[in-house]
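In what comes next, subunit A is part of two complexes: it sits with subunit B in the first one and with subunit C in the second one.
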Partner chain A sequence: MTAPMVKIDALSKRFQSGGGLFAKPRTMMAVREVTLSIGKGEVLGVVGESGCGKSTLARLVLRLIEPTSGRVTIDGTDITALSAGALRRIRRRMAMVFQDPYSSLDPRYSLADVLAEPLRLQGEVIAPARVDEMLASVGLPAALAASHPHQLSGGQRQRVGIARALALKPDFVVLDEPTASLDVSIQAQIIALLADLRDRLGLTYLFISHDLGLVRYFCDRIVVMYLGSVVEVLPDTRTAPRHPYTRALMDSNFAPDPARRRVIEMLTGEVPSPFALPPGCAFATRCPRASDRCRRDTPALGGDAAHPVACFHPL
Partner chain B sequence: MIAPLRALRRPQGAVAGLWLILVICAALFAPLLTPYAYDIQNLPNAYQPASAQHWLGTDEFGRDLLTRLIYGARTSLSVSATAISISVFCGMVLGASAAWFGGWLDRIVTMTVDLTWSFPEILIALILVAIIGPGTTGVMIAISVAYLAQFTRLTRAQIMTLKGETFIEAARSLGAGNAHLLFRHLLPNALAPVLVSAMLATGDAIILEATLGFFGLGAQPPVPSWGGMMSAGSALVFKAPWVIIFPGLAVAITVVAINLYGDALIAELDIRSRLRREA
Partner chain C sequence: MTALLKLDDISVSIGNLGLLDRISLSVGRGQVVGLVGESGSGKSLTAMAAIGLLPLIGGRVTKGTVRFDGQDMAAMTETQRRKLRGARIGFVTQNPMTALDPVQRIGEQVDVVSRLHLGLSRADARARTLDLLTRLRIPEAGAVVDAWPHQLSGGMKQRIVIAMALAGDPDLIIADEPTTALDVTVQAQIIQILGSLVRERGVALLLITHDMGVVAQVCDRVAVLYAGRLAEEGPVGPIFAAPAHPYTAALIGCIPQDGMAKGSLTGIPGAVPSAAAFPAGCRFHPRCPRASDLCRNTPPMIVHRTAGQVACHHPGEAE
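Moving on, here comes the complex of A and B:
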């Protein structure tokens, strides 16, 4: 790993829900004390099931929502402490590609408007050829510049979303499940495009996904999250998992060759409500290796610095 | 082609649109179209039925009914359209700021609006005219306040839904501030349903204006308004029924036309579901 470019330090986000005149609001920790660093040019994958806080983490890292505590620094600049004006200026260095290509483009905007918007927002003058250039960089014909989002397919819209994210030539891009709402054949095209753009432009990616197979194919390191906490960081995609949850995630991925398929050990038990987490390890309710200690104490992320795991009984 | 023109290609939209264009042109060019003055009395000529000189007959003061009907269109349309425009503008400002800024501002606006929403428009308008005093200005203010709740609620609901769209978050991630989000994304997307509902409300406002005019609270004589003409005609139902029938027909046909054209426009814009999303 090269020198860290993005450092996430003990980042937490607490959400409140409900609560009125007489009712006490319920709180949940969507992201709990997450500490990570992303090297320049690295692709860091974050996996976990829905509701584990990975999309919240993505928004916290770009400060689209305010953290409850913790810091995020990009090349030494603490973005959680920046004023509105300074934050707006530093936004040209970081960008985000969103999951849903259908609602991520304003239906009233033509593609030319969509792609010119980031430049306008940062007070740049738009050269007429610039939009064509941006379309070409994501493999779209310049003829589409005047069309509106509803005239495009999901894959084409996601390409526009990527072109918009890259309009200001950022060096850090958060990809929030960029392929989750696309057909499998289109997913491969989008991943190939993202890989190509990283090589050409030297981008650093934070890649959020629930598809472990995809993450193992695309990412350098893999962070596994469960109910808001990081439970394991895999130093590369071939390392064997040590946390029982990571193991279960990997087992749930089918091998393409039916002859090689093995019996799948399914997780039993319920995911605890994030509003009422039991004491101890959050995974203990579903873990085949859980002991009394797991139900009493919370394991911290530790062990090998290159391959930390939060488990009392690692594999 | 833009939606208001496309709506004219639908059969009901075409008939309704034609009538509305006719009425609007009549109102705009009233002095050019009418050979008579609307206010000069000619008592020997009173109570004339329809004839070649007076196509719709004359009223109790011998004034040409068609002339008064055309000038009445001026009053009715300008009062209702102005009132609704004021209402739409204020409703959009209130609804958008309540939805966008939330918190106590949203609570106060929502509470006040829900309070006025629980009264019928006519009651609000009557109370306000009673306070301000009769006349076109009073009626205009009264109508615009009476419909304020509708546009505030509609705008607020639109902005609330749009606020959660990913393209808002995307614009923020690129450095957009409140003004950009509101004026470049949220309001333009909320505009179509609000304008169509404004158009339909103009129909209701014409009835409200006529009602207030009928009670003698609108334009003061001798300036004609459709409601005022019906009020005068109500005393003559058996003696000269045309004095009440023609302004009544004018109100009815115009309001039906506005609703038909509005329906065609809604179908063209494909926003029926968004208009229902008001609460």
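Moving on, here comes the complex of A and C:
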């Protein structure tokens, strides 16, 4: 790995919900003691199922929300300790692309306005030529500058979302399921665009997805999360998984080849409530290898530093 | 095999907008037929046409026939059609919440289907419900029947909806993207369970999905729709091994697979046209790598081959 650009150190986020006249507020750990680093120019993938904390991690890394504990360092600067002004200055170097291209763009503004907004917020004026250039960089014709988001297809909207994220020429971009609402045909276009932009602009990505197949195609290393915790970090896309949950995710991916049909091993059991996690390993309720020890003690992420796994009985 | 459901050359319009054009496909008992295509290609409309629900959205079949078990659906009265849907067709939609009554216990909601359509007693209906839930791998089915919908996870609720669709012993199930809202591990399991239950019981299943991986895994045949027309239809083996239609090939090529070289996933350029702006000639021509002048001017005819159909002027080699 190249020198780390982003260092995430024991980052946690606790959420409280409910609470009222009669109900006690309940708390849950959306992100629990996550430690990771991202090398310059690297594409680090994060996968896991709905509610495992991927978006919360994304927001924490850009400090769009405050962590309960832990730190995030970008190129040596601890952004969790910065003042608002200093944070705004360093934010120029970081950007985020959201999942839903339908709701993340304001329908009242033209694309020219949408794209100029990040610059305006930083107190800059931009020439119309710059807007054309931004559109061109994501493969959209300049003629679209005057149109409004509702006039675009989902794929075009997501291209605009990417162009806007790149407006301030960041070097670190967090992509939170940027293709989840798109057809596979358009997803592949967007992934090709992201790969091209990374090569041309030397970007570093934190790429979030629930699709392990996609992450294995696009990313350099892969972080697997389950109920707020990192359970495995795959050092590359070829290494076989060692955590039973990662295995289950891989098995759930059907290859488009009827000659390779197979019976998948069923995960029985339900995902526990994040508000009432059982003791021990959070995956034990569904894990085919779970032992008494798994239901009693919590496995820590460890073992091989290049390929850590949090499991007492890894594959 | 005689088809249970047979769409023969049907076209569908809403108002004066032609949305489906000359679609033929059939589903036999114990058979799983996949209906695929990008968003807006006409999958849901085809399903609605198949079960006579188009009037609900102001649509109508303008050409061709839909037969269920040999009977022409258009020749039935609305009452007969409604009865047919209730007794012999199960429908599973993408959103389980719209199919479940929030103020009725799970068990009762499933029981009522077999009591109504099979005339089972309360006790027999409950036994059937418990059996179905167990087959759908619902843990602690005995406790789940007493739960309320809001107490169950999304994956559980979707399995309940599938149980409801199966409870009346239907001959045909139409599942419109039944698992898209679910987590991947749950999705894979439900698809697998649905496929095996259908085969075991000799039910016909029309499975709408946008996932070619799912089609390859569970379907016997696949119909590929593009912009309201059939691109290709036939048994999955030959179609995945050597797709004749460039659109089928492109859809398969959009799925990231292990061992794929980086940069090889390029997608399909452009986007699905809207019904108001279908291109002339072959509707896929603006996105097709093989498009010729012929394609730009003349719509390809559907050609019936040994095992299926293809609509393309320059199809790939048939095997």
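Keep this in mind: the second predicted complex is superposed on the first by the 313 of 315 C-alpha atoms of A that agree within 3 Å, B and C clash if a C-alpha of one lies under 4 Å from a C-alpha of the other, contacts with A are read in each partner's own complex, and residues count from 1 in each chain.
As a convention for this text, contacts are C-beta pairs under 8 Å (C-beta built on N, C-alpha and C of every residue); 3 or more make two chains touch, one makes a residue touch a chain.
The model shown is predicted, which means the values in this text are computed figures rather than measured ones.
In the three-chain model built by superposing on subunit A, subunit B and subunit C fit together without any clash. Taking Cα centres throughout, subunit A sits at the apex of an angle toward subunit B and subunit C that amounts to 80 degrees, reported as a multiple of 10.
After overlaying the two complexes on the shared chain, residue contacts for A:Leu201 are found with neither subunit B nor subunit C. When the two complexes are overlaid on their common chain A, residue A:Arg108 makes contact with subunit B while staying clear of subunit C. When the shared chain is aligned, no partner comes close enough to touch A:Ala86: not subunit B, not subunit C.
When both complexes are overlaid on chain A, the residue A:Leu64 reaches subunit B alone and has no touch with subunit C. Of the two partners subunit B and subunit C, more residues of subunit A are touched by C. Here's the short version: in the overlay, subunit B gets within 20 Å of subunit C at its closest Cα pair. Counting contacts as defined above, no subunit A residue meets subunit B in one complex and subunit C in the other. The touching residues of subunit A, when paired with subunit C in their complex, are 49-50, 153-156, 183-192, 195, 210-214, 216-218, 248-249, 251-261, 263-264, 266-271. Within the complex formed with subunit A, the subunit C residues making contact are 38-39, 137, 139, 153, 156, 183-185, 187-189, 191-192, 210-217, 236-237, 240-241, 250-258, 260, 262-263, 265-269, 271-272. Every residue of subunit A that touches subunit B in the complex is listed here, in rising order: 59, 62, 64, 84, 87-89, 91-92, 95-96, 98-100, 103-108, 117-118, 121-122, 161, 164, 167-168. Subunit B makes touch with subunit A in their complex at residues 165-167, 169-177, 180, 184-185, 188-189.
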